[in-house]
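One chain, chain A, appears in both complexes that follow, with chain B as partner in the first and chain C in the second.
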Partner chain A sequence: MAVNRMFRTCPTTGLKFHQPAEALIRWNAVVGVVFLLVGGILALLVTLTRWQAVHLLPPDMFYMVLTGHGLNMLVFWIIFFEIAVLYFAGSTLLGCRLATPKVAWAGFWLMVIGGLMNNYAVFIRGDSSVMFTSYAPMGAHWSFYLGLILFAVGALIACFVFFGTLAVGKAERTYNGSVPLVTFGAVTAAIIAVFTIASGAIILIPTFGWSIGMVPSIDSLMYRQIWWAFGHSSQQINVSAHVAVWYAVAAIVFGAKPMSEKVSRTAFLLYILFITLASAHHLLADPGLTSKWKILNTSYFLYLAVLASMVHGLTVPGSIEVAQRAKGFNRGLFEWLRKAPWGNPAFSGVFISLIGFGFLGGISGVILGTEQLNLIMHNTLYVPGHFHATVVLGTSLAFMAITYFLIPVLFRRELAFPGVAKWQPYVFGLGMAIFSLFMMGAGTLGVPRRHWDVSFSGNPLGFEFPGTAWLMIGLLAIGGLLAIVGGAMYLLVTVYSVFLGKKIETPGFQHVTAKAGMAAPAPAAAPLTGYGSSGHAASASGTFVLAMVFLVSFVLYYFINWKYLSTVWPLR
Partner chain B sequence: MADQNQTNAYDDVYDEPVPIMQQIMDNPWILLFLGVVIPTVLYLIWGVMEIISIPVAP
Partner chain C sequence: MSAIQPPANRLWWKEPIERIEITWVLIAFVWSMVLFFMMPYWHVFGSQNLANEAYKNTPEKFTAKTQEMVDKYKVREETGLNDQKIPVVHPPAGGDVYLIARLWQWWPILELEAGQTYRLHLMSMDWLHGFSLQPENINIEVHPNYEHVLTVQPTKAGTYSIICNEYCGLNHHTMASRLFVTEKK
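Moving on, here comes the complex of A and B:
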């Protein structure tokens, strides 16, 4: 069978794109953005209903829209974009051909059909408003589960195409020894994806059987336990992928090398070994599971994954600082940061993503993962506040940031509306930070998640929340609207650029056949595709100060919550 | 674009033995095995065993 060995070398970066890989990266990214558009419109409706003063939608519509919002954002947008990242980190960064492009296309179309089928069940049929978690015995139409299964199979195929690409690169000697760090981050994401998707299959296949009458019942406790290995671990794929994007943007914008390859790779290894166990924090209030299982999975192994995130949170800005200081930005602790290219949305997006993920998403994740503290905010608005800080402020913003790099490099188009692009990460980041922060604040006061009417008005067991809770809900809605404006800015820039933007013409450009898929490393791409540490950890003093600020915030917030817990259940 | 013969820049780097930890980290199949087995045992199997050991209500 003829193997396509046509490559294009990007004249700007020197990166080499295998023709089929390039098409797959483009299509996965574009389809992901379409699902982001759908999820974003639904986000507006959810926000305007959650805002008690507006309370836009009736209950049945609210649950339908919330279901669609969760799935389109947490599954379809993110995983399509992650597959694009995998193919980029596999084929492009290793300079090798993509393994089995036809199989990769089959996986892509399965994902498309699965995503559409799931949306059909939710919106066209309208009988599958079971939300993202779809807890049994709440039942959805069979097409809801089949859509998810088809999507998961497609994503699993893509993961193994990625692993196959690593094998092709090794066999054809486009790399030798260790893969680049960004690719290693993608390996981490792909491994977590395999466990995640397998777990999803274990529970969604029998649930699909239940929906068509082949399986008599689904045990609700068992469903929750296995489903969360899919539901929460799918968000850990995001974490690994967006950390890989952080390292990529540091290399692209600054030519930064990691402070220590060993330390960064060990942190990724901790993700591979332990981060999926964090799923247990959703079950900390469940009966039937022992404290041994809960505490070992969350309060021990989860902390090793938290340690890994803190390592990345230190080494990414640290590597930027070392690169900036090498360019002469040496005055004081923070000249390197002040003189960073804040007008470049690829950098500003990643830096805001890093700060938001660490301070808001990371710290709140530890609080939720501590069995005792979890009791204060279990199943409250604190939980979506936490995951909007990790998945939206962390992952989505990082993916948005690297899009600004990919549009000229991958799509060969000039970035449209550069002024809008410059401000987009700030608007989106600020909005989502406000949204997450006040959502967590309301959750700390006990406001429940998911419920259409959190005031429980007219119910026999109503509850009077303090006025602060309603203030926070109003503020989170304003933050949410700001974030939606930021999301619309991103869609305007990317969609216009990709379809209507000015083409970048390169005289004499042509695709080139590379014997055995091989190509010489180009200097411009070297920081992204190379191996090696900067080895100047001592010169990252500003980063260490920032890390201390983070540590003090972390410790203070942790013990404030213990103090708060003591007031919830006073010991007499 | 260069061909395979011109790109053996890495070949002279491997005079020293590669540490065992690096060998593990450079092997995606071992990592895949570890990344699937550990949560399967600690989270899935252990958790399922606890749930199915709950006595059924009379």
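Moving on, here comes the complex of A and C:
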């Protein structure tokens, strides 16, 4: 078998890049960033319309642009970048060749065509303003669904190329023992992706058939149930992927070792085991489903997936703390944190992502996912408030952070505008935090999501929201604009660096063409010396204190919402 | 080794877990159990729980039922968007009341009495809609072909609004109506 053995070793990190994998990682990341740019422009238009002091777009344009924003961001940007992460965690971290690069390229092009076709339906045809959820029986043009299906098939192919790569690494013994934790996280993401895409196919293919008149009708409840098996599980892909990125950056910046491989890996496993029926928490306010079904499934069977996130929330900063203390930053509870490299955007981005995801995204997600509490939040601005904290502040910011590491390593370019890069995570993070927080505030006051005019102007039966709600809408818009500035900073730095940045030339840099993919045969298992993966037992006390602060906020906020619920009309 | 390299200890699953870590896992687990048990707890001791009662139905049948209620209990009319006249009904306390959701209107307007219990039937005639009662902030998804029956008890007299908070097309934002609650008679 002809085996492509084109590798290069990165002179700064020692990582081994397989050339076809490298090209695929680059292209997936670049295309992802292009979609981020498109989605970002749309975010600006959406924000300036919802800020009713400006009220930029007319309603038809607003709903169209909102549909496009959701799709380009949540589907195309995130998933393209995730495929890049998969190939990196597979081929590069294992030092092994990518399985079937040709097939991987086929997947890539399917995704590109799918993304373009979907945007064609939304913006050029203009008859598919159905939001990214496209709830039947509201219908879009067939090319809307077909675009999504092609995209999903492409992503599925990428997952299988990733699995193939793992098999290659194992067979060719490019690494010893178990795969690295980051790769393990990527495996989690890919396994969930397969389940997710299967659900997507089950719902989108009949809906496509319906749009061309081959299927007579689509039941609205069945649609929501299966659509969310796809829509929610794909959020669990995002979580797995960005947690993997957190661990990766902790390892890259600090050389941090997982506190315990066993705990972290089990937590990843919980994501796979307990998310599969999670569509329930989008259906809490729907008729025709029993409370038993809702409770069992929203709780992901006893909230074990929430547990997993809480575990990662401790172990990632914990491993950083252990590494820092080992370097001598040992004074008090927090010297390790104060002396962290706050000027390195890869670190600050990941840290802000971690805090934002936990405090804003995680807690609000549990509130929304509680059967009865959902009643006072369902479809209000609280919902986009919650998921901008998870998928933007959490996932997108983590992806931005790791880009700062990848530009010199993968693209061999120096980071342009280092001053801008240094501030970018703060501007973006702060903006997004304000944005999400006030969206949740407005949602608590009942302001609906996906709504062009909450002033109901000219409508004699309209509702007048209180002044506080209007204040919050103004503040969320300002936060949103700040985040858009942060996003633009990211785009400036990355696009400029990748295309125009100063090339990094290393004397003696070479492509290794021979058997560089092969590691020496595995040595016999190392004897057990010292305990704990990090070997520094009980030294993450600062992190533990932070975790307790988190827990207390969580408990308080959780019960405040029950108190609020208890004041609304009795209902059964 | 770090998280981007294979575990140094090949038998990593045999390593003991650090005290801080295991403590946090246990605390988080207990909290997850609390999160779980609050839901059944509220079903038993709380008074805000969504009904499990729903039936398959057709728009024709549901409209007929609603029309019957309007014919019997209409008390006056209100003027909506574009000078549309919308009937206001005051059905007997304790009974069944019907509310139609359709593009882009709630029909009719209900007038209920505070402290009384009603069986509120909700159904859409076309696409999904979102029943959102303000400023109470009770939000319920309304489906076509599924009749959802909620047992509600308005607590305070006043004028409330029902807005639509599930995107339902171009005029989604115009879909707003009233709900009146009068003192108990």
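As a working rule, the second predicted complex is superposed on the first by the 541 of 572 C-alpha atoms of A that agree within 3 Å, B and C clash if a C-alpha of one lies under 4 Å from a C-alpha of the other, contacts with A are read in each partner's own complex, and residues count from 1 in each chain.
FYI, a contact is a pair of C-beta atoms (placed from the backbone, for glycine too) under 8 Å apart; a residue touches a chain by one contact, two chains touch by 3 or more.
It should be emphasised that the depicted structure is a prediction, and the values quoted were computed from it without experimental measurement.
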| item | value |
| --- | --- |
| Partner contacting more residues of chain A (chain B vs chain C) | C |
| Which of chain B and chain C A:Ile212 touches, first, second, both or neither | neither |
| Partner chain in contact with A:Ile560 - chain B first, chain C second, else both or neither | neither |
| Which superposed partner A:Ala540 touches (first chain B, second chain C, both, neither) | second |
| Which of chain B and chain C A:Thr290 touches, first, second, both or neither | both |
| First, second, both or neither for A:Leu314, with chain B first and chain C second | second |
| First (chain B), second (chain C), both or neither touched by A:Pro180 | second |
| Partner chain in contact with A:Leu166 - chain B first, chain C second, else both or neither | first |
| Which of chain B and chain C A:Leu221 touches, first, second, both or neither | both |
| Chain B versus chain C as contact partner of A:Phe463, first or second or both or neither | second |
| Chain B/chain C common contact set on chain A | 175-179, 219, 221, 283, 288-290 |
| Parts of chain A lying in touch with chain C, wherever the complex brings them together | 59-60, 63, 93, 129, 131, 135, 137-138, 175-182, 219-221, 224, 247-248, 250-252, 255-264, 283-291, 295, 298-299, 302-304, 306-307, 310-311, 314-315, 318-319, 366, 370-372, 375-380, 444-446, 448-454, 456, 458-463, 465-466, 525-526, 528, 531-534, 537-538, 540-541, 543-544, 547, 551, 554-555, 558, 562, 565-566, 568-572 |
| Chain A - residues contacting chain B, complex | 7, 9, 16, 163, 166, 172-179, 184, 187-188, 191-192, 194-195, 198-199, 202, 219, 221-222, 225-226, 229, 233, 265, 269, 272-274, 276-277, 279-280, 283, 288-290, 293, 296-297, 301, 512, 514-516, 518-521 |
| Chain C residues touching chain A - in the complex, by the definition given at the top | 1-25, 27-29, 31-33, 35-36, 38-40, 42-43, 46-52, 54, 78-81, 86, 122, 126-128, 130, 132-141, 143-148, 150-155, 161, 163-174, 176-178 |
| Complex interface listing, chain B residues touching chain A | 1-4, 6-11, 13-14, 18, 22, 25-26, 28-29, 31-32, 34-36, 38-40, 42-44, 46-48, 50-52, 54 |
